[in-house]
Structures are given as C-alpha cells and as structure tokens.
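One chain, chain A, appears in both complexes that follow, with chain B as partner in the first and chain C in the second.
Presenting the complex of A and B:
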C-alpha cells in the first residue's frame, strides 16, 4: 500500500515536472490551451470534491470564480500579488461559508436553483456597487503577470487540489461526506454533524474556485461583471465533472481535458451554435455515461477482472 | 449494568407534538430502566414512529422533556443525541447501498467519541458482522444483500456505536417465520449484553417473546402500560386494536 502510494507520488511529481516545462515550448497557442486545460481541470476537480460525494449539484462555480477575478480587478494594482490571492481566497471562503450555511439545508433541485440564482445575485450586487458607489463599470487589470506565470500558478494549484482531495478522501470528513451522499438521515443518526461537514467541504471547494478566478484575471486585462460572472463556466464545469465521473477524485479531469479541447474546437468553428451543441453533448453524456468515464473504466476493469477470474477457475 | 438501578436510561415526561391540528403525540410519559426491553405498541397512526422520531431528534417536541441517562435531549440535533449514546433502525430499512458491509458498519462507529484507532475499528467491525450473522460479507456491496441481511446490517450499524439505548422501529416486520425466529434470538441476545431497547412492533409473538414491559398508544395518547402479558390482555388495548378507536376507559 505505502509502496503503491510512493510510486504514485513519484509518477505525479514526474508528470508535474514535465508539465512545468510547457511554457518553455515557446508556443503562445499551446500555452493558452494549456492554461484553459488547467483552469477547467482545477474547477471540475474542485466541483467534484464537494458534489461528487454529497450529490449536491452546484451551479455556483461562476459565483466564486467571479469573486476571485473581481478581487484582482479591484486590488490587483494596489497590493502585492500574494496578498491579493490571499484576500481573494478569504473572500471566497467567507461567501461560501455564508451560502453554505443558508442553502445546504436545501436539497435536490432547490439547491441547484439557489446556487444558480446566487451567481446572478452576486453579479447584480457587484454591478450595483460599481455603478452607485465606485462609479465605474469595468476595470483594467494592469498587473505584472505573464501567461507563463498564470500557467505555473494554475499548475501549482492543480497539484494542491489533487493532494488536498486525496487527503480528504482518506479522512473522517471525506467518509462523512460519502455517508451523507448515501443517506443524510442515517448520517445524522450515526453522529455526523452533517451541516458542518457539508459547509466545510463546500467552502474548501469554493476557495479553490475563487483562486482559479483570481489567477485567471490578469489574462483579460479588462474585466466587467458579465465577463467575470459568466454563468457558462458553471455549466461547462458541471458537464466536465459529470462526463469524467464526479465520484472519483481523478474523474473530473477525464472530462475536463477532452471537453476543453472540444469546446475550443467548437467555439472556433461554430461560434453561433456553440451553446446548442453543448446542450446536446450534455444530454448524450447523461444518457450514455451515467457514472462518467471513471465509472466506465471501473466497469471495464471489473468485468475484465471477472473474466480472468472465471478463466482461472475453469 | 454498571449504571446500577439508579437513573433510568430513558425518561419521557409530558411529551407532545402536533402537526397542524393533528396531535400525533399527546402528553406521553414513560421511563425505561437499564437493560429493559420496552415495547411500544398501537395501531397504525397512533404516534409510535413520531415518538421515536422525537426521541432520536428527527422532530422537535412542542412540549415535554426527554432524558437520556438523566440529560435532557429534547430538541437536540440528531447527531448530538447519537453521540450521547442513542442508536436506531428505521421502519423502512436504510442501509448505505453504495458501500460494502464493512463501510456500512464503519459509518456507525467512525463518528462516535472518543475515536477508535483504525485497527480497533476493524476488529469491532469484524465482531459486529459476526454478531449479526454476516461474517465473511465484509466486502459485499450492501445493495446485493437479501432483505433480512439488510436488516442485519442496519442493526450492526446501530450496534457499532455501542449505544446505551437502541430504538428498533418494526425491525422484525416483513420477515418470514424462520427469519423471525432468528431475529427474535438476535434481539434477545442483545439483552444479555445489557443494551436497553425500545421496540416498536406489530408482530405480537415477538412482543411476547422479547418485551419486559409495554406501552400502548392510541391517537397519540398512552392508553396502557405494564407487564407485557397484562397489557396484551387489557380490554382497552384489545378495543384499540380491533375497534380502531381509542377506548374512553
């Protein structure tokens, strides 16, 4: 077991070292694509960390991403970069804590709708504040951050998310979340403080999403609420995590990578019908792969294992 | 048994809960002593399950006190009551279908204080599987189990917490005669361990075989209480069950 973990860790570090070399290729298009891939990998993995075990479908990804991006828009030029990231993370955690405490009592479709509405609410609040208080709508982001810097930060965040997810899955909190996902009533009667467990993981997941927004912000140079709080991000992340399989830590990445590439292709070739195609893809995924690519791989590996076992006994 | 005969494990006083105009539990009072098996009887809709839900914290009482080992738990969250030593099973058996048997039982013990070491937990899980008759099924998905095995697993999960008080909500319902005999033996064996049990049950042979004392509810009120044989021959009880109306005795 420990040998396996060590081997896996070594492989992960090697992959990380190789991925860190991508900006050295000197190809701006590949770098931009790699940034998109990492962005969605982190977002989808963070989404799956909470929604996978609990089966609470959240459409609030955009809200947190936007909070992160907007924090940079407001503070990016005033404060040193690490401090900006720290404040963004703290803001994301605070918003997530408040939202979590007020909404995680909701279940099923009510939670979905609320998280969707929440994104819109935060966007409107930002618009209201900018129009009435700061009297600007749209801000320029002039910070000294290169595309390579964005890439490396995202790569570090990716590594951190996987490490965090792995630790949580092995922890009592991770097990509590799985029990909650199975049957919340039973969870309570097993002595699980279900509200705390859900809010804790929702907050961790949201903090990561906020950091992604903050790290990505310098890429735009100009930010306004409709850019930072683009609800498409919520849906894309949801589709990716479901395609990959949100019940495994490594599931969402299996959806994030192919779909980012596909979205890239589609949005370039069919800019007007992009969303229609997206909807159809979503339907197909739900029908064909209810447990995602991860579930398909597991099924294949167990049936293959079963066949070898049968052959051995025959 | 170490508690001696001092405080009862469960003491309920003036418990009341209404849903709109319907008073589901009305001025209910009773006590359960250490090591006792108390039967909670009554026709459908008489308030038995509501009473269990009030005791286990699923519902908040409108009035009254519920004392577990002397501590008032009325209105506490379920998870707190669970940590104080109350475990239960459900009228419609609830196991965690996406997990194997081992994990189902682990759910019952992982969140109790103080926490067990991983090695101790494994030993306890093995012993519990053995205890309820599921030895060797550790890695079997709960979804693959037969009906009685699901009941067994649910009971093992409840026992994992080493409860002071165990609430069984029609745990014996739906079992065939031979399974019923196994089930009765299993619950009887719990008494030997000194576990205090409140049992909601319609299977009268099981009530006779297991319960030291019984309470009968009708329309939310307690209409009889006493030794099992006496209660079951009580005229008011017979009328409540057969006539379906509370006797104005």
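Presenting the complex of A and C:
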C-alpha cells in the first residue's frame, strides 16, 4: 500500500513538473487551452469533493467564482497579489460558511434551487452596492500578471486540491461524509455531527472555487457582474463532474478534460450550431453513461479482474 | 408488481433507451451534415469572434454582424483589398464568443495562433472589447473598437497604442446632452426641471454619474433621479411618478428593452415633456417600426448625418445586402462600417500585411468614410454624434451642434398621437 502511494506520488510529481513546462511551448493558444483545462479541472474536482460524497447537487459554483473575481476587481490594483488571493479565499470561506449553516439542512431539489438562487442573490447585491454606493458598474483590473502566471497558479491550485481531496478521503471527515451520502438519518444516529461535516466540506470546496475566480480575473481586464457571475459556469462544471463521475476524487477530471476539449473543438468547427450539437451530446452522455466515465472504468475493471478486486477497492 | 415481469420490463426500457439514443445520434448527424460548409480561397485572412448566442446577441446582430458581412461582400465583389498592384480577396474565419469574456479571449488566441489570421475585427460591446484588449495588444493586432463606450478610453489608448476607441466616452455623451439642454434653456424653449432615470448597469451608471454633476453645475433642478434594475418589467410606477412632477426634460439612460417600455408607458400615461430623451435603442430601426409617427421629436443617444449622401448610400446598400432588408441603427452601425473602411484604407496604403505599419497609419492617417473624413487624435476621433432626434421618420444627429450636418432640435416635442 505504501509503495503504491509512493508510486502514485512520484507519478503525480512527474506529471506536475511536465505540466509546469507548458508555458515554455510559446504558443499562446495552447496556453489558453491549458488554462481552460486547469480551470475546469479544479472547479469540477472541488465540486465533486463536496457533492460527490454528500450527493447534494450545488449550482453555486458561479457564486463563489464571482466572489473571487470581484475581490480582485476591487482590491487587485491596491494590494499585493498574495494578499488579494488570501482575502478572496477568506471571503469565499465566510460566504460558504454562512450559506452552508443556513441551507445545508435543505435537501434534494430545494438545495439545488437555493444554490442557483444564491448566485443571483450575490450578483444583485454586488449590483446594488455598485449602483448606489460606489456609483461605478464595471471595474478594470490592471495587474501585472501574465498568462503563464495564471497557468502556474492554477496548476499549483490543482495539485493542492488533489492533495486535499486525498487527505480528506482518508480522514474521519471523509468517512463521515460517505455515511451521510448513504443515509443521513443513519449518520446522525451513529453520532456523526452531520451539519459540521457538511458545512466544513462545503466551505473547503467553495474556497477553492473562489480562488479559481480570483486567479482567472486578470485574464479579462474588465469585470462587471454579468461577466463575473455567469451562471453557465455552474452548469458546465456540474455536467463535467457528472460525466466524469463525482463519486471518485479523480472522476471529475475525466469529465472536465474531454468536455473542455470538446467545447473547444465545437466552438472552433461549428461556431453557429454549437448549442444544438452540445445538447445532442449531453443527451447521449446521460443515456449512455449514467455513472460517468469513472463508473464505466470501474465496471470494465471489475469484469476484467473479477469480483474480488471490486470488494478490495470498495 | 410480480417479480417475473421485471426482466421483460428491463429489456423494454433498454430497448427504448437505445432507440432514443440512436434517434438523437441521427438528429445530430443530420445537423452536422447541414452545417458542413466548404471554405475556399486564401489571401487576406480576417478573423472575428462575435456573440451569436448569449445576452449580447441582440446588439451584435443589429450593429456588428451585418456590417462585417456587408463590408466583406462589397470588398470581395470589387476583387478584394488592394495590396500593391493586385487585389486579393478576404477570407473570413469566425467564431461565436457566446457573450462570454473568457470565450472571446480564447477565440482570439485561436484566431491568432491556429488560424494565423492577418487581421482581427473586434467583438461587440464595451465589456468584450476590454476583455480582448490585452491579447490584441500583446500580439500587435490593430483593435478598432467601434461599439465600446468607456470613460477610460483615453487611458486605454495610451496603454494599448494599437487600440482605437471610436465611440467615445460616456462623460462626453452626458456633457453634450447637458450643453444642448443649456442652450435650449437660454433660448427659453425649456425650463429647468429635469427628471432622470437610469438602468442599473454599466451604461446607465456611467452616464448618470457624469450627467448628475453636469446638470447640477448648470443649475438645472434634478427633480427625479433614480435607477431601476436590469430586466425590470413594469416601468409604469416610474413614469407615473415622473408625470406627477411635470418636468421640462425627461432623460432615461436606458437599454433597448426598457427604452421601448419607457416610451410606450410614457405614451400611455401622457408623459410628454418638452424634451424626451431615451438611451440605447432609440436609434434602432425597431424603434420606428414600433412607434411610427410617435417617434417624432424623441431624442436619444447617437444619431448620424441623415442628409449626407454617403450615409444615404450606406443605408441603401445595407438594406439591399441584409437578409431581410434590415436597416442599420443610427449610431454605432455607421461607425462600425467606417472602422472597416479605415482598416481597408490603412492596409491599402501600407500595401502589404504589416500590422505595425497599419497601426501607425491608423494613428496618423486621414480616412474617407461613410461618416465623413476621419482623422484620429490620440487614437480617438475628434467628433461624435451624441444626441439624435427622430424627425420625419429619420434619426438625425442634433448635438454637438458644430458637427457637419447637425439639424436643429424640434422643441417642444409634439404631443403623442394615438397609434
């Protein structure tokens, strides 16, 4: 087991080192694509960290992403960059904590609707503040951060997210969440503090999403609520995580990477019929891969390796 | 249900699912078949990413896309752009930015690095033009922003010398409007009560923040000054409240949907001040379609020299080329088309694909366009149309009055008539 972990660690480090060289390729397009891949990988993985084990479907990704982007819009030009990121993370954590405490008692579709509404709520609050207090809508972010910097920051965040996810899965918290996902009432009766466990993980996942928003913001120069709080992000992340399979830490990557590439290919080749084709593909995914790519891989490996392996990994 | 039934039912579901999936796949294949278009010819490759889906679609479809298509069609019909002593046709590469800043940036990076286009036409709207600014600057492409209104334009032009801000600043727009009001008051045509509403979005906030101090400094009485959220459906309370105040001037820094709604509501409520001014959308052909005779005397942002032969000719060509005979709007459309003429003239003067030289020419040259002779100063034009007015079914520029072709304002606005 330790040897396997060490092997995995070594492979991950090698991959990380290789990926860090992408900006050296000197092609801005590949760098942009790599940034996009990392962005969705982190978002989908962070989404899966909370929603996978607990089975709460959250559409709040955009809300946290936007909080991060807006923090940069407001503070980016005044404070040093690491401090801006720190404040963004703290803000994300605070919002997630408040939201988590007040809503994670909701379940099923009510939670989905609330998280969707949350994005709109935060966006309207920002608009209200900008209109009535600061009297500017649309802020400019002129910070000295190159595309390569954005890429490296995202890469570091990706590594951190996987490490964090791996650690959580091995901790009491991770176990508690799996029990909650199976049956929340049973979890309560076992003496698990379900509220604490859920809020803690929701906050961790949201903080990561906030950081992604903050890191990405310098890419656009200009930020207004409709740009920062674009609800498409929530849906794309959800679909990616579901395609990959949210029940495994590495599942969402399997969705984020092919879907980002697919979006890219479609918008390059079929700019005018992008949405139609996308809809068709989603239909196919839902029909053919209800448990995601991760589920498919597991199924394949169990039929190949026999039932014993499944019991070992389960 | 008896357990014996289960396997059969299972099979049935699988069958249905498969069939549905196949059907979906077939539909997809059919769609793809329809969209497979063969592209031919090379030479000057011009790329753009424009909002074909998402919230920017309306603006892009009225102001930007028809002009890009018209220009490419006309240039290619004439044999292409003149490089040295031969003409080379334009080849277009275009994408949908889905009204999304991140998509827009990536599409441009794709255009530059993968498609290796020679020139890039900008996206629609202030936000997206700002989003793509750094990329175009880094890669050294000329950036002719014809649909962006931002107060930071002079600063941006300095920061990105390859960028040209052809639509001016919102502060200038507000200032010109107040100057016009001031003049009308001096001529004793209006009193000094003003009611102002603005949409709680970039445009409305920028303009109202610029107009507020300008109005106060000019000693106008701001009787009403409120904003409404984007997407507000019912504007009747605002209009009724303003009507009760009986102002001389009504100013709405509004977006197209609420420009239409405010006009309609004012007609119904009988709010007919001496000056009736609405924001984006007033200059759209749709506005005249909807209000017909009632447009008479309505002022709005934008305008053009409707009497100039060049504009008349442009209007006719635009109508003939557009799929359903659509007319251009009377503000940014002509500026967009002029920006394309400027790009073409700059390329032809340079005589080869040398982007740095083209940028230099755009900064220093004089251009013959549908909006007249254009000579940029600090990467911005020296004159703009800021206030227009519907007069006899055409939206003429009325301010600044020193602009060539400026008409005299009709004040007071005639009464609303029953539609």
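Structural remarks
We take it that the second predicted complex is superposed on the first by the 291 of 314 C-alpha atoms of A that agree within 3 Å, B and C clash if a C-alpha of one lies under 4 Å from a C-alpha of the other, contacts with A are read in each partner's own complex, and residues count from 1 in each chain.
Please note the rule applied: contacts are C-beta pairs under 8 Å (C-beta built on N, C-alpha and C of every residue); 3 or more make two chains touch, one makes a residue touch a chain.
Treat the numbers as computed from the prediction; the structure is a model and nothing was measured.
In the superposition on chain A, contact of A:175 is made with chain B only, not with chain C.
Contacts of A:14 after superposition on the shared chain: neither chain B nor chain C is touched.
A count of residues in chain A touched by chain B and by chain C gives the higher number to C.
With both structures placed on the common chain, the touch criterion links A:124 to chain C but leaves chain B unconnected. Once the two complexes are overlaid on the shared chain, A:107 sits clear of chain B and of chain C alike. Using the contact criterion defined above for the overlaid structures, shared-chain residue A:220 touches chain C, although it does not reach chain B. Looking at the shared chain after the overlay, A:302 reaches neither chain B nor chain C.
Using the contact criterion defined above for the overlaid structures, shared-chain residue A:272 touches chain C, although it does not reach chain B. By the touch rule above, chain A contacts chain B in their complex via residues 172, 175-176, 178-179, 181-183, 185-194. Per the touch definition, chain A reaches chain C in the complex via residues 27-33, 36, 124, 127-128, 130-132, 135-138, 140, 142, 216, 219-222, 224, 226-227, 230, 232, 264, 267-268, 270-277, 280-281, 283-284, 287-288. The part of chain C that touches chain A in the complex is made up of residues 17, 20-21, 24-25, 27-28, 31-32, 35, 52-53, 55, 94-96, 98, 100-103, 105-107, 109-110, 112-114, 126-127, 130-131, 133-135, 138-139, 152, 159, 200-202, 204-206, 209, 227, 229-230.
Of all residues in chain B, those touching chain A in their complex are 56-58, 77-79, 82-83, 87-88, 90, 94, 96-99, 103, 106-108, 110-112, 115, 157, 161.
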